[in-house]
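Dropping the structures in below, format is structure tokens.
Heads up, the next two complexes both have chain A, just with different partners, chain B and then chain C.
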Partner chain A sequence: MRVLRFLLRRLLQLLPVLLGVVVLTFLLVRVLPGDPIRTILGPNATAEDAAAARARYGLDQPVWRQFLDYLGGLVTGDLGTSIQSGAPVAGELAVRIGPTLELVVIALALALVVATALGIWSARRAGRFGDHTVRIAALVGNSLPEFWLGLVLVLLGYSVLGWAPAPSGRVDPDTDLSLLTGADLLDAALTGNGPAFVSALHHLMLPVLTLAIVIVAPLLRSVRASALEVLASEAYAAAEAHGLRGRLLLRGYLLRATLVRLPALAALVFGFAIGSTVLIEYVFSWQGFGQWALRGLLYRDYPVVQASVLLIALFYVVVFLIADVVHAALDPRVRIS
Partner chain B sequence: MTKDLRFASSLIVTGSVILAVVVLAALLAPLLTGWGPEEIDPAAPLAAPGGAHLLGTDLNGMDVWSRVLYAARLDLGVAVVAVALAVVAGSLLGLVAGYWGGWADDVLMRVVDVFQAFPTFILALAVAALFGGGTLNLVAVIALVNAPAYARLVRAEVRSIRELPYIEAARTSGAPPWGILWRHVLPNSLTPVRVIAPLNCGWAMLTLAGLSFLGLGVPVPGAEWGAMISLGTADVVAGRWWTSVPPGLFLLVCVLGFSLLGEGLQERADAVRR
Partner chain C sequence: MTLLSVEDLSVLIRRPGHEVAALSGVHLHVEAGEVVGLVGESGGGKSMVARSVVGLLPAGARATGRVLFDGADVLTMDPAALQAHRGRGAALCFQNPRGALSPTRTVGAQLTDRLRTHRGMDRDRAREVAAELFESVGIRSPRRRLDAYPHELSGGMAQRVMISLATGCAPGLLIADEPTTGLDVTLTGEILNRFRAAANTEGRGVLLISHDLASIAQVCDRVVVLYAGTVVESGPAAQVLGEPAHPYTRALLRSVPDLGGRPVTATPGAMPLLREPPAACPFAPRCAHATGECAAGRPEPAALAADWTAACFHPQTAPLAGTGTRIAERRERASGGGAEPQVVARVRDAHVVYRGRFGGAGHHALRGVSLSVAAGEAVGVVGESGCGKSTLARLMLGLVAPASGGVELAGRPLAEVRGRELRRLRTRAQLVFQDPIGSLSPRRTVADAIAEPLRAAGVGPAERAERVAKALDRMELDRSMLTRRPHELSGGQAQRVGIARALVGEPDLIVFDEPTSALDVTVQAQILEVIAGVARDSARGSVFISHDLATVRGFCDRVVVLYLGRIVEEGPVEQVFGDPRHPYTRALLSGAPSLGDGFAGPRVELTRDLEEAEAGGGCPLAPRCPFATPECREGEPELLAYGGMPGRVACRRVDEIPALLERL
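Moving on to the complex of A and B:
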């Protein structure tokens, strides 16, 4: 109950921040150079055609009027109409967000497990060969261009070995997967579509691996650093001096204390992962949120840009909120109030 | 302790050697290849490595080895200049805000908060898409998205330094404020910046290449690693590795050089503090 109240209050506090983001994006995208109407008209369009198109999307109205209309729509869940496609933005967003979240969540989960295991392993061998190897590997991971890594994995997995599917799409169209959430793995599981599940998993393999490799590096470095601190702490030394057995020492004293700082970092890495996803989606023709937002940005599709920026900001703050709650659950000194 | 220091020095040396080799290769490019970076060999588009073209040619018949070498000039140059600009602008803002405080400090920190409410690559992507690509714009974009972090870092340092006895001593002996700031506060507040800046250069290279990969960076046919990888995307599916693997490998090695250098400096600072 207390957690719920805390969440509710924090979400309410976020409203002014999000309103600021909405106002800023709305103004900036209109002030900066570029015209969304020119991109949808043919080369032979006359000035009358342009004026008609402008009126159709309400762009002939004064800016304050446009903004009030937009804000009114937001309250009722209407994100406007895409200038490029003519379809409602909310609908397009709904089918685009699932594939991206699926990619990010699976990769982040995988990276968290690997980073925790390797980071603690490395810290317990601090200064020795194994530790140095892990640290150098993390530095290489930190220096990898994710889009290039994706291409190299395609080269190896598809072109050379033939294990992975071609980097186009998320599921084999022959499997007749019906669209529910857009997250293909989830959709296949919900509809009991076995072949589609296998195909989705197959297609997820390389992009997830790409993203996981680039985000595991910063997590690993941080886990190692905080494990080193715990190992040097008085509490740990006392537990060790009392002759506690290895397993209890590891689980009860090292693991939990080490993981306390991880949620905040994972939230930060989540933001980093969203940036990487734009590039990785491009490599694998994933047709997710990243590619959609990029297209909107390039064509100055005002409603699409506004919706994507608002969504990224919303996700970012919500993820940090979740991190706070998890942190409180892990660290007995922190109380949610 | 000496062991930590030795590991730190080996990281610093390795990183510096890698960077020196890349810089040399970039400078000596005309001696290392007979082809110009934008020179087209009409007889041999997509030629495999070997023969007249050491690393083959791309879709346009341009020599990959030559382009990879010349691209180092642009990639390194843009990254270093952009980070230098970010360091100077960010540090100055942080210095002034941190030393005097007051409303200027409040305004600056709110602006920094807004910048840091978005993932940095997303921010760079949005700004580059809205303002357009081109080399100069990219320098500005990368400097702009990095400056807030330096402002915050230097401000925090300055706030603790200004309370120290030696600043008080300088003040009571009648030194002018700008003199104190320039001679005593600034040099000491830059300590963390020295560690972050090399890491940041590597990150700037990745950002530049990423933007170019998406078509927002250096316009064709400019030789830039990200743009080269982008052009080679279609070749990968056909099994032609040489158009995209070499530029990425150079990029990786160069960023790794910066990472090793930054990590080594960090490690040395930690070891000395202990």
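Moving on to the complex of A and C:
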């Protein structure tokens, strides 16, 4: 019950933050050089054509008027019309966000599991060969550009070994997957489409691996550092001095105490991952949110840019909220109130 | 068979660039049913012995010799045998119970983990036994406490949990590493008695590690004294603590202030950090009896009597007597001026309330305290932790504002001055902190630190340098110290710098907030001598705050006893210590550990711990006082003078208490 109240209050506190984001992005995209009308009309359009197009998208109105219209739309869930495609932004967004979220969530989950297991393993052999190997491997993974890593994995997994499907799309079209949420794995599970599920999983393999390798290093370093701290703590020494055995020590005295600080970092990494999927989406022709947002930005498609920035901001605040709750659940000393 | 027998144990620890000889040829033994005290200052190797016994040496340590437990050598045990030995054979009770309990696991789970590991119990049975164990160490509503996390426990409660963790698996040997550090006098006695009881009724061997000689003197059968990783003296407690033979033991004992007012004698120098096992007597450089022989070879432990040995070429037999400043002598000097001394600080009926977060109900730290300090006077403030001692110090320095009442410094009310004038006025009162190194800025040199109050007072650089040097000389510190930074100082040196900083501006008032509690025993004595010298200045008043009654007795003229933010008794030292009239003062004195006979008069024990006493109206002590009547719970008693005797007491039954005591 206390958790629910806490969540409700925090969500209410988010409203002014999001309003600030809305105002800032609205102004910033209009300050940017470049004209969305010119980019859609092409070089041969006359001034009249341009004026007509402007009127069609409401861009001839004064800025405050445009803002109020936009805000009014937001309240009713209308994110405006894309200048590029002429389609409603909300519809495009709905199709685009599922695949990207699926990719990021699975990659982050994988990275968290690997970071926890390897981080603790590494801390317990601090200074030995295994420890150094893990740390260097994580550092290398972190330093590789994701598009290059993606290409290498495609080369290895598809061209050489043939384990992975070609990097074109997210699911085999022959499986007749019907679109529900846009997240193919989830859609396949919801519709009970077995072959589509397997195919989606197959297609997710390489992009998830790419993203996970890129984001695992900071998580692993954090887990290792906390685990070292716990191992050196008097509390752990006391448990050891009282003769508790390996598995109990690990589960009862090391794991939870180590993970206490991870949620905050994981939330930060999540935000970073949402941003860095653009290149991975390009490499794997993912047709996701990142690609869509980038194209919107390049063509100065105001409604698209505004919607994508707002959505990323929303993700950030919600994920940090989840992180706070998880932190409080892990650490009894933290009180949420 | 001997329960624990440590034979010729040496531990070398490899550190980057050098080695540290933590222990060199240590011999000691503990029998079942016996309490052995392991004493000495930090760096002497006490904790290293404890860690060796459970086979938990730090990384890079190399141990030689034998640690025989029930005939098996702990140093050569395989991991499985070692795990069975730890907790079941020998269990360690850690120094800082809050830190030694895992913060993310309930205390009940931590106890059942141990029970299930060593006694093969199933979950339900272990929980049952855990509740019984909690009850047996004096934890109320044990079933509810099983689900508590360590941060929800008070220090005393955490220590009890720690003891239940250590004793839960019925180990043959219990090792307690400074089990009473940071606990109040009332709790200290209770915790130590639990260890004594473990030896008496359960037949365990107990190795009690402590730097606090006075507190363990009462419970130990035998005492082993460590210095720089070597055993310098060992034998029956009565002999070693009563008529010590080794000069180091004598120095240690002379450094401990006593309730009886026996003066403290300081021994110069500090314990060396040895890079290799000592070839000569490690104490020789500090020893008054050292000869050429002592520097040439290391003395072997020689038997002085049955079971009593000392590693010394010149064991001493003379009775242990101090030669420090007598209190009476100093008192004469203080009152030599004749005229009424000027009052330097005055607190009038001050209340201090710390507000809760977001304006919630706060903590009422002081409830109507009045106190005045005259020039040339030293006032002691004593009480259990949480009684408002430190708040009183902060109040007198103008660091917290009273919610009502007032504070005057040098005759001027602090509340009426602002800005630069306030800053000037504040330099008239100085504080000496509890943590000597932590209270110095790590990035500033000693010279900068000492000059701080002068800079605040606007003194020019030339005069500043001169006065800093003078203050340094007074603290008997070398001038080369001026360019050092805090991390290059020992605790004793840092505290001297802290006192020099307080003294340099010639303030009217110096407040010492537990200035020696973070220091080792012999260093403590050195600092107490310095402070006694400062307190003798007739131009200045000093306030000495301490939970240790004995240190206050050493050089204070007047003492104030605080309880839950109120003064319950005040008066001249002789009066309060010799014939305490408030039951609380008497209980504090009764509980205070002492090397001598301790408190002479009839003793009083409070019925409950501070944290367990439910608050009610009336006398704050009523819930814990053995003499409380329903009347006591009705209205708060006033602080009044009784029967023409000096001092004042806040107790309704002052007149009846002598009769009540006789009936006890």
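Assume the second predicted complex is superposed on the first by the 335 of 337 C-alpha atoms of A that agree within 3 Å, B and C clash if a C-alpha of one lies under 4 Å from a C-alpha of the other, contacts with A are read in each partner's own complex, and residues count from 1 in each chain.
Note that in this section contacts are C-beta pairs under 8 Å (C-beta built on N, C-alpha and C of every residue); 3 or more make two chains touch, one makes a residue touch a chain.
A quick note: this is a predicted structure, and the numbers were derived from the prediction, not measured.
Visitor: Tell me which partner A:Trp163 touches in the superposition: chain B (first), chain C (second), both or neither.
Guide: neither
Visitor: Under the stated touch criterion, which partner chain does A:Ala257 make contact with: chain B (first), chain C (second), both, or neither?
Guide: Second partner only, chain C.
Visitor: Who does A:Val29 touch here: chain B (first), chain C (second), both, or neither?
Guide: First partner only.
Visitor: Check whether chain B or chain C contacts more residues of chain A in the superposed model.
Guide: B
Visitor: Now for A:Phe272: first (chain B), second (chain C), both, or neither, which partner does it touch?
Guide: A:Phe272 sits against chain B, while chain C stays out of touch.
Visitor: Report for A:Phe147: first if it touches chain B alone, second if chain C alone, otherwise both or neither.
Guide: First partner only.
Visitor: Within the complex, which stretch of chain B touches chain A?
Guide: Of all residues in chain B, those touching chain A are 3-4, 7, 114, 117-122, 125-126, 129-132, 202, 206, 209-210, 213-214, 226, 229, 232-233, 236-239, 241, 244-245, 247-248, 251-252, 255-256, 258-260, 263.
Visitor: Can you tell me which positions in chain C touch chain A when the two form their complex?
Guide: 54, 56, 82-88, 91-92, 94, 96, 99-105, 109-110, 113-114, 117-118, 149, 151, 165-166, 169
Visitor: Which positions of chain A touch chain C when the two form their complex?
Guide: 233-245, 248, 252-253, 256-257, 260, 330-333
Visitor: Chain B touches which residues of chain A in the complex?
Guide: Within the complex, chain A touches chain B at residues 17, 20-21, 24, 28-29, 32-34, 127, 132, 135, 139-140, 142-149, 151-152, 154-155, 158-160, 166-167, 271-272, 274-276, 278-279, 282-283, 294, 297-298, 309, 312-313, 316-317.
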